[in-house]
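Alright, structures below, take your time with them.
Each of the next two complexes has chain A plus one more chain, namely chain B in the first and chain C in the second.
Then we have the complex of A and B:
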């Protein structure tokens, strides 16, 4: 029983990180209509910027995360302005090539600036908390709680505010949104900004339990792709639910079936869900 | 969905194209180096090209860089001393390095390219997959493999032109097992890295451990290139109540595994695979206290050899970090090759150079001798006095190996 609860918590931790990454990916899918391959690189940049702010400028963890959100958000906006915006009329394959180009550029850039070695991010929340024989660390509780708070805020923003609705409108129909007077350029930039910010939050929260290195984005990006396919391309609730499904299936699968096959379990789940609902759990339009 | 898949396939093809393009640029830079080499030639100083293929980009880039740094540092020292003399002619070393992204096939292609363009007598490569790939054609194409891998098999296949620089890892089985069993107990859980190397290591240790009457209570592996968090696997491993954890892989993620095991309340000891180094792990855990009860290889900086402090100082000045054995062993390897070329009286007759490796070891200057290695085996492996250490009360303690 203890093991089950511990593993549920472990799955929740990792699922929260997956969800945050997948959310950014799914939002941008609404604009680009392709998965943004460079999203993992944004995640990696988020980790490095938080780390640099903490170690070089001595900022507090939360302050460093805040700076990181802004910086990575701006990188996202720049990506949109200089790469994806000029390509908006081009066939989708061009967007993909561009996204891969950005991914390679950012990884090489990180290796050039920060070096190839693993770096460890210190956290002020390293304490271990033991409750009823279960082990939590403050950092892990923080990951779960912050992720839920961010998800609630994001949902409120998208549902309850005018600006948020414009994002959804545009993902549903770009031309239609333009016709009713939405400034699509502004919305596209805003979406990239939020997507970058989410990647920065996810990286900054999860980096203390792992390490910061140029290829760290690859740890999560493939899984994030699985999640948004599973949840329905472009769907916000799909990304959240998909993230947790993957997190739980990994931790419970590793415990009750086999650790060596846990990736297969996740993919079998994907196959099953897609054969019942080929468009994913929440198909497009059901935002 | 099908369309999506094709699109994904296309994207992957483009990734490949981009990576190849990246390779191109690295050859260009080495081309510049050749130019310099040719300039030297006009001043009656010959150039010996030394090949290197290893991971210089991607997740293992830090590892490739450290190994390359060792080779480079030795070469720079030789060149700064005015080169070396073979048969009355002066030679300088020129390191030509290519990126293989840790892939055996890329290592093979790189070696072929090096042979055609630079004709190096020696090609260094720091991973067993690459070494096996090079062994397919190195005797035909006439180059020595400077093999940096403790995999015993690389010298067991009977390749006459392979020099294994590090000690083979099966020498560690006995001291590690003895120490862990004596101090903690007979139940071990296996959580090494998921690489081929890690699995082979695990298989050998498992056989030995069981022969000594121990039990493997949990046997799995961690893929550090896919795993974001280790709590899940550690929870499952610790459920089996092991006395000892066998961990390993690159130092930093291995340290994270040890740290998270302690967070989950693990009180036993660690057997640390030779790929991970205590001093590098400490950089992540903050102090040695967390690693109390670990047994592993002696970190280079804590080693007793007389040449160490000076070497560490020079390395730090040059690369701004503490050297580990990746740099140290390749450093000593490069110097031994130079001495062997001197003794052989040739810079391109590889059989002769190989035959003179023992002389090379004998002639090695005292200030280069950062490891106690005096002999090279018939099979081409350097023979070491194994240097094993444990962490006790927050300190590195040398352990005697008999």
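Then we have the complex of A and C:
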């Protein structure tokens, strides 16, 4: 029983990270209908920038995360401006290849600047806490809480503010949004900014319990794709729910099935879903 | 095919044949053989992504399946090379058939993501299935191709000619496919699947055929790789390989017949020149890939084709242009 609860909590932690990454991916997909293969590279950059800010410049953890959000957000905006914007009329295969190009570049860049070694990120929250006889590390609790806070803030932003509604409007209908006077270019940039920021938060939160290395984004991004297909491409609640579903199934699968094959669970899940429903669960049709 | 093209192709083949004689440097021959092997794989990807419009990211997986089938059949089952080669193509084809059967129900993004995941599953299975594939230790001691009568393939030069033979065979097959009715069918599917369906093309059947052919070619490339390098590890199934294929294809020209050759040669030679970059070569090739897709989506070959067409159009009389154009368009497609 104790193992089960412990594993459920672990699943919650992994799920929170997955959800944050998938949220960024789904927002971009909703707006521009591109599967951003380079999103994993943004995640990786987020991890490295937070790490550098902390170790090189001695910034506090939270301050480092803040810088990382800004930097990765700007990288996202640059990507939109210089790559995806010129390609908006091109066949869909081009976006994907362009994104792969960016991904390859950013990974090589990280390896060039920071080296190929695995690095661990120090955290001020290494202590262990006891709740109801169960032991949790502070960092894991922090991941869950911050992720939930971020998700609530994001939902509020999308639902309650004017700028947020423009994003939703544009994901519903690009031409329509343009007609009612929404500056679609600005919204696209904003979406990439948020998407990059979310990736940076996810990476910075999870880095202390994982490690930082140039290929750290690869597996995460693949799983994020699984999640947004699970939850419906472009759907915000779907990304959150899908993230947690995957997190739980992985941590339970690792305990009760096989630790070696836990990474395969996500992909088998996806293959099953797409085999039964080629356009993904909860797809809204059309796209 | 025009006369000039015919001569150019003959000259290229001749050059490829005398290359080992001119260059006594074993290292260069080794590199050339490897790039021929890559070219075969890139042709496989080209047929699917370039002509049919389905970007498969699982091709490194099929490359690895071909390589591992051959390796396992020759090392563990101790089969003769040639039946093993044939059998490994069959294995790749059968797996390709089933993967295609399911994955081709999806379209565009879903297909890319689906195949990405399939590729990853193949990689993970190879990596973790220790008892069969030796896992991360890799398969060692894969034999060179067995003799056919008096022909032996023990030396580097003979291996070079063997791979060259397969490359020419693949190019010939590609040429025949692309210029046949099926080839045009595939292009029709790429241009608009709905339209193709409306004019009575069974898209699923055609897509599946392309998928299987394309995976078998990837498998052939993998099998040749295994017998040439003599050692394979799970890394050959990793996503990095499929990204390499894509880079070769894109730089040369996606959806063109000569693109895979041009792109692979160019990048392999450049990589040799940029050896000091090694792991960082993607610092150069990543942005090149992105810039190419924005400015020259059909790669070097595509750019040259459209440039010569423009020049011809301005030089020739309008009547000749009208006669020439349809033929050229087919070629270009």
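The rule is short, and it goes like this: the second predicted complex is superposed on the first by the 253 of 287 C-alpha atoms of A that agree within 3 Å, B and C clash if a C-alpha of one lies under 4 Å from a C-alpha of the other, contacts with A are read in each partner's own complex, and residues count from 1 in each chain.
Throughout what follows, a residue touches a chain if its C-beta (ideal position, glycine included) is under 8 Å from a C-beta of that chain, and two chains touch if they have at least 3 such contacts.
Computed from a prediction, not measured in an experiment: that's the story for all the values here.
Colleague: Applying the document's definition of touch, where does A:128 land relative to chain B and chain C: first, second, both, or neither?
Modeller: first
Colleague: Name the contact category of A:100: first (chain B only), second (chain C only), both, or neither.
Modeller: Both: A:100 reaches chain B and chain C.
Colleague: Applying the document's definition of touch, where does A:59 land relative to chain B and chain C: first, second, both, or neither?
Modeller: So A:59 meets neither chain B nor chain C here.
Colleague: Based on the superposed arrangement, let me know which partner A:260 touches: chain B (first), chain C (second), both, or neither?
Modeller: A:260: touches chain B and chain C.
Colleague: A:148 in the overlay: touching chain B, chain C, both, or neither? Say first, second, both or neither.
Modeller: neither
Colleague: Quick check for you: in the superposed arrangement, does A:268 touch first (chain B), second (chain C), both or neither?
Modeller: Once the two structures are laid over each other on A, A:268 reaches chain C alone.
Colleague: For A:278 in the superposed arrangement: first (chain B), second (chain C), both or neither?
Modeller: In the superposition, A:278 touches chain B and chain C alike.
Colleague: In the superposed arrangement, which partner chain does A:87 touch: chain B (first), chain C (second), both, or neither?
Modeller: Once the two structures are laid over each other on A, A:87 reaches chain C alone.
Colleague: What is the contact status of A:206 with respect to chain B (first) and chain C (second): first, second, both, or neither?
Modeller: first
Colleague: Show me the chain A residues, by the header's touch rule, that chain B contacts in one structure and chain C contacts in the other.
Modeller: 34, 92-93, 96-97, 100-101, 104, 108, 111, 116, 218, 229, 260, 263, 274, 278
Colleague: Any idea which chain C residues touch chain A in the complex?
Modeller: Residue list for chain C touching chain A: 49, 53, 55, 102-103, 105-110, 112-114, 116-118, 120-121, 124-125, 128, 239, 243, 246-247, 250, 279-283, 285-291, 293-294, 297.
Colleague: Sort out for me which residues of chain A touch chain C in the complex.
Modeller: Result: residues 33-35, 83, 86-87, 90-94, 96-98, 100-109, 111-112, 116, 218, 222, 225-226, 229, 233, 260-261, 263-264, 266-268, 270-271, 274-275, 278-280 of chain A touch chain C.
Colleague: Within their complex, state which residues of chain B touch chain A.
Modeller: Checking each residue of chain B against chain A gives 1, 4, 7, 10-11, 14-15, 18, 22, 57-59, 61-62, 64-65, 220-221, 225-229, 231-233, 235-236, 239, 250-253, 256, 260, 263-265, 283-284.
Colleague: Please name which positions on chain A make contact with chain B in the complex.
Modeller: Listed in rising order, the residues of chain A that touch chain B are 3, 6-7, 10-11, 13-14, 17, 34, 37, 92-93, 96-97, 100-101, 104, 108, 111, 115-118, 120, 128, 130, 135, 137, 140, 206, 209-211, 213-215, 218-220, 229, 250-251, 254-255, 259-260, 263, 274, 278.
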